[in-house]
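What follows are several structures.
Look at the two complexes coming up: subunit A is in both, with subunit B in one and subunit C in the other.
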Partner chain A sequence: MTTEPTAVIHDIGYRHYDGVRLGRGRAALALGVQSLRGVFGLGRTIRAKIMPLLLVAIMLMPTVVSVGVMALANQFVMPYPNYAVFMQAVIAIFLAAQSPYLVAPDLRFRVLPLYLSRPLTVTDYVLAKLAALAVALFGLLAVPLTIEYVGELLVDLPGPPHTAEYLGALGGSVLYAVLLASLGIALASLTPRRGLGVAVVIAFYMFTAAVSGIFAGVLISSGRDDLSGWALLLNPFFLVDYAQSALFGTTPVNTESAPPGVASCLILLAVVALAVTGVLLRYRKAAS
Partner chain B sequence: MTASATHCFATEGLTKRFPRVTALDNLTVAAGTGVTGLVGANGAGKSTLIKILLGLLSPTSGRATVLGLDTATQGLEIRRAVGYMPEHDCLPPDMSATEFVVHMAQMSGLPRTAARERAADTLRHVGLDEERYRPMGGYSTGMRQRVKLAQALVHDPKLVFLDEPTNGLDPQGRDDMLALIRRIGTEFGISVLVTSHLLGELERVCDHVIVIDGGRLLRSSAIREFTRAEQTIAVEVEDGQQRLAERLSAGGETVSVQGRLLTVQVAADDPERTYDAVRDAVCDLGLSLLRLEQRRGRIEDVFKEPVA
Partner chain C sequence: MNTVVADITYRAMLGRKRIWLLILLPVALVALAALLRLINGQDEQTAVTLMKSFAIGTMLPLLGLIAGTGVIAPEIEDGTIIHLLAKPISRPVIAVTKFVVAASLIAVLAAVSTYAAAYLLIGSESGVAAGFTLGAVLGGVAYAAVFLLLGVLTRHAVAVGVIYALVWEGVVGGYVPGARKFSIQQWAQSLADQISSSPFFSTEVTLGFAVPAMVVVTVVAVVWTGRRLRSLSIAGDD
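Right, the complex of A and B next:
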């Protein structure tokens, strides 16, 4: 007679999966969420966390100072709608540092064919990446603005709170997020090398900022002040600033000789459409 | 059940022309369940065929079905039900195998918790242990191939396409991978289409073999027919291969001399007679026997035969 074994290890072998299978949309959402986490270094190495966290900290600094000034000196110093323009260099560095992360490794290490061998289309993939970057950029702008607004309400400055300006700035943040994400992804996906992608995006920002500044300067010095606003549209940040002013009634940073609001909005729309279409076409071609 | 539903995949007059080359040329072939080998030299059109079957590439003409679904219109449904292991490297080096396979399971539509369970299960089945938590950048080729296989299986597909899974593996790794492929086809109950440029290694694991060359079908038959046709033994002796050849021919065997090797056709009706004849002849002539082996069917041999 054999003794009864007290514990047994069963090799249950291969088990089939008969649980739920979610649709394309949920897969794209999962890709977007994973990408968004990755933009801020979550779920990545310590080294990958340094840059985004540092930039987020820098973005919060003016807010902290502004709330401090409001509390101590009872003065309102930083208008919400101009925040992004003041911080444009930091935002541009964030864009340059993080957009290549979203697209370059999948091209370089050829992960893209694995995505496409699943029930996910090229469009789903590109839109998930764009959405992740746009949400990240919106957060980067909206969080400091919101902290400042809450600070303003708590300090309770004399006069009514700048609610309309705050809301207008939030609307503008959506515009910034969409435009910058489209440009960032379009530029970063030109190269499978992440370092090169960073250089391309930052070079694009510096080029447009410099050229728009020079053009505007030349136009003003040659007496064509009325055209200087058009030159500023070359800089993506001034472009959104003008569009924000047209859509939400905020005051732009460069008040003199602003181009018609409709023009800024249409140019903004055209740039986004062009960038997104370009990315989609390139990825479609790469997929086949 | 329709005729196409019993097939894993079937093609009809499938042609794919690229600007410079014709990758597939009027290919009509079908494969049932089990393990199917797809053999062809590099550039024979294997990878193109897989891309068409996945619905990622549209053929110039002809049509194909996978699991009864049309590749031209039902690509998404096909990709939901099949797994794909590409030939090339496809692993981001800074992710761990676990993270990567979980992510790929989610991309196939599995909820996060289910994806985690399936990833752990699948990685265990392909034989990846503690190293699955380390970044994949430091993996050996063998480990990388296992992860690539795991991501193709993680969503429990009905059919997997494995493109050159033994590429770059050492002999031990090759044996392990082939054994794993056999298990996938039998124990896991997942049909497999595996490509290779070596017929020899596929004959060990496949139920059915398809040979293509230059995009055209050379042969498609059950593995038994292949091995029957390939029943030859190679004999190598130190000196006097001519004498041995004459002796065996005189005894009624079919012998051909290929350089230093004698190839002897094994008698289909009585295989043991051939082996005995070789043994006796070598012994009687007092020759030093260097090699006596069953010839693995090589793709070149299939190419010499007329199309079946």
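Right, the complex of A and C next:
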């Protein structure tokens, strides 16, 4: 028999927390992991899982096809560094569909003060969200590339494997992930409405893609080929493609008249810095 | 058509941030036309490219997406649609009213900017400006109806609409010729081609298919929206 505590009329069972307090870093990590799971719909309703898993499946399709072609026809069809540019519409839709999920509900239901009442700071919150989206995008790109590379090694094509290209493409995936995540969060955090956030992000992608295509086409047809590469830099995917080729020595999709590699790297850095600063400023205001 | 509902919807559309996105795209189209005129002078091929890939190919679906889902989706998301549905107004009338508001906004914005941009680039030469304006107006009306329907069918209306506009019309339509027959953009281009006599512009879908298809899609989408509103479930997800 356990001894009942004396002089207690009614114990409603409230307990103090006596465990270790893990602090700021672990809070940020928990938020990041939770957000990363949420991007792929894990821990959310079935309806929230459909869209990300569908897009992941679409991303894997070219890989499956190219491994099949390698196995059956002994031909190497899809160069690794061009994979992201080839699939840019799908990646843009993934970014547009999922980045508002990360920021919009917290803004809409005004729960930011609840997060900030913990050891977490505004900067931690923003960085955790950015990191979650960047890791998700990196996975979206790296998993198909890795499957294709493993397939290539297993099929054992004549000639050496394209290891340098594969590693370059992985490095490029990091660049894609960082640039797209900062752009996606910056645009999506402008509005607390999820639907409008999706529209803003996709409008940004469609606008820059169309404008860069039109200007590149017009400049080429009017004989100013040297400028056409600069026009292509407006499209975030071609921007990273050029930066990737400058940093990792891969072949860009548009080889003619590429702008100097240093320029594309600097523009990439400037865009990321601008976007991240924008988000931080936005949240300083939203949190107060 | 209910004027009070229309009035409230207009105010909701024009009074919020949404309006900036709605206005920014047409302004960008005119600005692009001016810039291209400066770089390249009067050039019919440039004008047709800009109209085809930007006015019809980018601006129109985005306007349709923002206005078409914007007239009804936020109300469903917030749950305030209950107050509207609880009024003694027939649901099909609500659907038609929302459709008229979205369609009129898209039609006006698309028509003015498309005509201005094409006129800036080549004047009224070979009917490019008039043709694309007609295509943009009617295409915009069809987009409004389709995206309005998506707005009441699913919570992820914008994402589904983006997949239709980008993957089906853009990527699949680029490789599979058959898919182009079922694309609002292509129907809008057929209408534009009917008026313009530009040699740089040709379309694949015949007018005999495009016009009936456009009418059928618009009417079916609006009627279906009305029917769907009769038994709308408001339970929220995530």
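Of note:
In the analysis below, the second predicted complex is superposed on the first by the 276 of 288 C-alpha atoms of A that agree within 3 Å, B and C clash if a C-alpha of one lies under 4 Å from a C-alpha of the other, contacts with A are read in each partner's own complex, and residues count from 1 in each chain.
Note that in this section a contact is a pair of C-beta atoms (placed from the backbone, for glycine too) under 8 Å apart; a residue touches a chain by one contact, two chains touch by 3 or more.
Everything quoted here is computed from the prediction, not taken from an experiment.
Looking at the shared chain after the overlay, A:56 reaches neither subunit B nor subunit C. In the superposition on chain A, contact is made by A:207 with subunit C only, not with subunit B. Look at A:222: by the touch rule set out above, it reaches subunit C but stays clear of subunit B. When the two complexes are overlaid on their common chain A, residue A:14 makes contact with subunit B while staying clear of subunit C.
When both complexes are overlaid on chain A, the residue A:92 reaches subunit C alone and has no touch with subunit B. Touch criterion met: A:45 reaches subunit B and subunit C at once. Once the two complexes are overlaid on the shared chain, A:196 sits against subunit C while remaining clear of subunit B.
Across the two superposed structures, the residue set of subunit A contacted by subunit B and also by subunit C is 44-45, 48, 105. Against subunit B, the residues of subunit A that register as touching in their complex are 13-17, 19-24, 26-27, 30-31, 34, 43-45, 48, 105-106, 109-111, 113-121, 287-288. Within the complex formed with subunit A, the subunit B residues making contact are 54, 56-57, 76-77, 79-80, 82-84, 86, 88-94, 99, 103-104, 106-112, 114, 118, 121, 125, 151, 155-156, 183, 187-189. For subunit A in complex with subunit C, the residues that touch the partner chain are 44-45, 47-48, 51, 89-90, 92-93, 96-97, 101, 105, 190-191, 193-196, 198-200, 202-203, 206-207, 210-211, 213-215, 217-219, 221-222. Of all residues in subunit C, those touching subunit A in their complex are 17-18, 21, 25, 28, 32, 36, 39-40, 45-46, 49-50, 53-54, 57-58, 61-62, 65-66, 69-70, 73-74, 77, 155-159, 162-163, 166-167, 170-171, 237-238.
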